[in-house]
């Protein structure tokens, strides 16, 4: 941390801040400048100290320096982590595509989509059994019945399954039926859920919250790792802005930003990230071009009858064409698909 | 809903949309304009229909008209709701102030603050036993021990207690020990928690999420009411913006906006809303002047040693002065304190 | 500035950064920490040095410390500035209310409104002769004719006039006809216009841009002061967020934030800040309660026929009641009206 | 427009709104629903009518339907526009890359960079002679001298020149010396400047403002077209959000959004869009993959000594590699480079 003093700060005020720093067991490093003095603090071991110094006399502001995340940091682990969802490696040289409907609606629907996305080249199957819906009156998912359908789809296609948990009970069930526990954007800071996921025996796909900074996103991953589960895949799915033309603003710059400071793999969800079918393919291409480790994309064989998020689901035909485009872009950045 | 057709839409395309509307059991109302045709949809009973019409040929865009919330709506209940926290009415003519430390740290700390805020005129005691913290390495609260301390403070001061639940187990405990269950900003769309709170026998204080629209905020309240618990108090605590001078941007215009469309009472949290001690009193005055039903404010007798959020806690002396100011502002808007 | 090194930074890399700092004539202050080294920089005299150090080997990030504004800073001038618009002091103990229609539409309209707001207690008359409109097809204002009408209204009522300049020619004209040059939100970083305003002989009302940080807002004021015109009044008018219920989000916390770091007075514009008539009075009360030096508010005697921004204009009757409320709130914070 | 009535609206209130609509010469189309009545308005010819109906008795809200832009709309002109900057077609099958330093610093610097980017495959030369700087104390550009240097660089390399105008005088000069007039993000709603650019004899590169919606962005282009200059190229350069890791948030979804509703070409500026050298190439690849018509990118032969925006400039070597990557991505989406 760095404490910046006011220009008008007196020598006593500066000494007071130094004393307050040392009283907490830290080391103070005054830096007298032409206009003002700043005081560096070391020895606080990267901890999340509250900026208690801000209210001391003569202090202009306190600037945090150290990041609070550790286990997710590339400084702790320099090489990329590769997380296995079922037998599929995420974060290695091969790009990974998870595809499937927004919600599991029926055995027929799920199997139809699963066969199609498998045939088109998807590596992982997605589909929601527990649906977080803005309205209590919207379809809330089939629950355990949906998980059984997903397991049946895996049985037939061989595709491992990722599906969302809304609470601790959901994690229990998903651990049993599926291959990867998704934590959705709305639960990115549901710390009880993060801790439970940190004790799960399955990998976790953690989506970025709608208003989450990179720091907060990584701290939520840190919750999971700090409980012992190192198998975490991050996922960018759009942030909330003033946009008048897309449901969210897909923040692709977060991909190189994550790669720069963390060893964890990161996928992009262009379906929720845009909310509009006609933008899914362009943003998918962009996500691969920017360096993401893969995509999670909604595909439905009949989007206009989908029980949730139909307007952002692409058709199997659009998915075929998208995979073909991605196969051409992947090698440009040294990846394969 | 209103379906707006492209200028170039053919009569067949218009008939196609009408057919699609009627196929879903709704009624279509074509409005031929000079430049283009729009088609109103009725009979969808305020439901949250996915904009499946957006992808039909000839459609330019689909505009939602009806709001999805019902029970929270002033159209359903015209008069203001008054929610009782303990014996304290929230939403009536009297303004309500909940005060106390961010976190329960010890019996002594809690009792010291409780006596002081009671003496200064607070009506409700706040204090966190379960703390949602960005970092897993930060103080996470005393848990049930903290709830017991809060109960002891209520015993002595007579002030009812509001405290945050992070999960379903937390609701169980808080129902037993406290008078009002707080759902924090990060859990505003934790739908499992909302449903549990909707079955609780205690009132709920629901904080607005950092990126929540008014529609989403009210829908989260709707989750609670739809489970049978009508005792809900809303709370504005700042939204996330690009601000470089406050932790969040306190959105006071949401107060008259809520009052206009909902019968639920709404408090303002100027402590989290600004994150800076020196802004708490000014924004508290503003919150009362804008028409909030009260405040929830962090007070600590020794903020610089607080285990969490010290920099945004005001001192008992600042709280005394604030209450005195609010007493003068309240009558201007026909309220008392 | 503070250069934070990676944990893995070698002694040579640290020496390299120190050398680079010294090569630019600054002084380097290495602070060796337990985990990493940070290097303070002094001697850069508050200048806006580009963070060129960010790309040196071993550097994790560069954190700016010093603010670039000087003349507007309270560190340069501790006491509040009082700016005179006509004979009306802004920033002194008395609150100031500027009121009038969004646009000057005709001699009759302007005089009607001017008489009414004068009678209700306004101190300054507002009204646009040059209108910045999102659409080229909207009413663009009466131009010089409008300025003549404003001058006539001042003649009759004695109220000084503030009106917006869209360009350098507008400043020339407004200098001649009016008492205060308004720079609108969309032009907050129109640096040519700011420089011209800095050479004007009339005070300037500078509105905050829709996405302006406090730093940028003050730097735009600094442009005006640096050209020699110290008569600057700031104005908060709402920032752009994801809000679904108001046109902009009025950011009242900026008022105490400005007061803390700058000596300039600041008004609040609740009309543009909310965009909705029914929210103007509540937010006006809040603005005074938070500590603003006054308001600039749109009043129209027949808002539903107004040529621009009718929906956010209040009626003279609403204005009467608002002034009466503000008169009661002002003394609570040691001001008068 | 669609006027939505309250559930409680009486038949008289509905008749009142219909009368008000007809009084303005429009046509009212009442749509009686199960819960409430909505009233469609036609005949307002796409005009920007103020929502004056919002304050009529019984009205819940007014929803705009028609967009205010015309000339830029794909409904008016279905095929893509191709704009020529010098002899370079923008918006055709070939992707276009404009490259060069942020600011013209000297004849040597400009010529050095110009030769290098020409050699690497750039089609257009960029470089600022008039620099919009947040601080009045930062380097403001060489002015007309800089334009002469740009003209000399064009002379030698044959690359047409795009450079920014900050005011009307700047447009006069740039018309004389350069090939394309850039209007920067901060001036996107400087309507006087837009009008002048609309009368210029050179094409205009219009950058999106930091908080501009798609509607506003297109309306600003409409200002230029409505004055007679149809040669407009749009440019996305990042919007302002809460991001803690990039200077702006590059909103790539705007590219397919623009393509869907407008015939104008659109470039992407990954340099300002991220503000960080290490993110320029990834986001450039993404911009091409998403379907942009080209890029405008900052290249400097010695970024660490650049007088402005050095940290976001890439080196000629990075530019070489980027162009090589883009050449491979272009054909995937049916473009060439």
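So that you can tell them apart, the chains are marked A, B, C and D in the order they are listed, and the count of residues begins at 1 in each.
By our rule, contacts are C-beta pairs under 8 Å (C-beta built on N, C-alpha and C of every residue); 3 or more make two chains touch, one makes a residue touch a chain.
These figures come from a predicted structure and were not determined experimentally.
Listed here as common contacts of subunit A and subunit B: C, D.
Two chain pairs, B-D and C-D, are compared here, and C-D has more C-beta pairs in contact (counted per touch definition above). Averaging Cα atoms per chain gives one point for each, and the point farthest from that of subunit A is the centre of C. Between the Cα centres of subunit B and subunit C there is a gap of 30 Å. Subunit B and subunit D have Cα centroids lying 37 Å from one another.
The mean-CA centres of subunit C and subunit D are about 26 angstrom from one another, to the nearest whole unit. Residue positions of subunit C touching 2 or more other chains, listed in rising order: 211, 215, 239-242.
Taken chain by chain, the contacts link every pair, so each chain touches all the others.
Taken together, the subunit B residues at the contact with subunit A in this complex read 20, 47-48, 50-52, 54-56, 68-69, 132-138, 166-170, 186-187, 189-193, 195, 209-211, 215-216, 219, 222-223, 226-227, 239-240, 276-277, 303-306, 308-311. The touching residues of subunit C, counted against subunit A in their complex, run 2, 4, 6-8, 29, 31-36, 38, 40, 42-43, 45-46, 63, 65-66, 75, 78, 240-242. Interface residues of subunit A facing subunit D in the complex, by the touch rule stated above, are 211, 213-215, 239, 241-246, 249-257, 260, 273-274, 278-279, 282-283, 285-291, 325, 328-329, 331-333.
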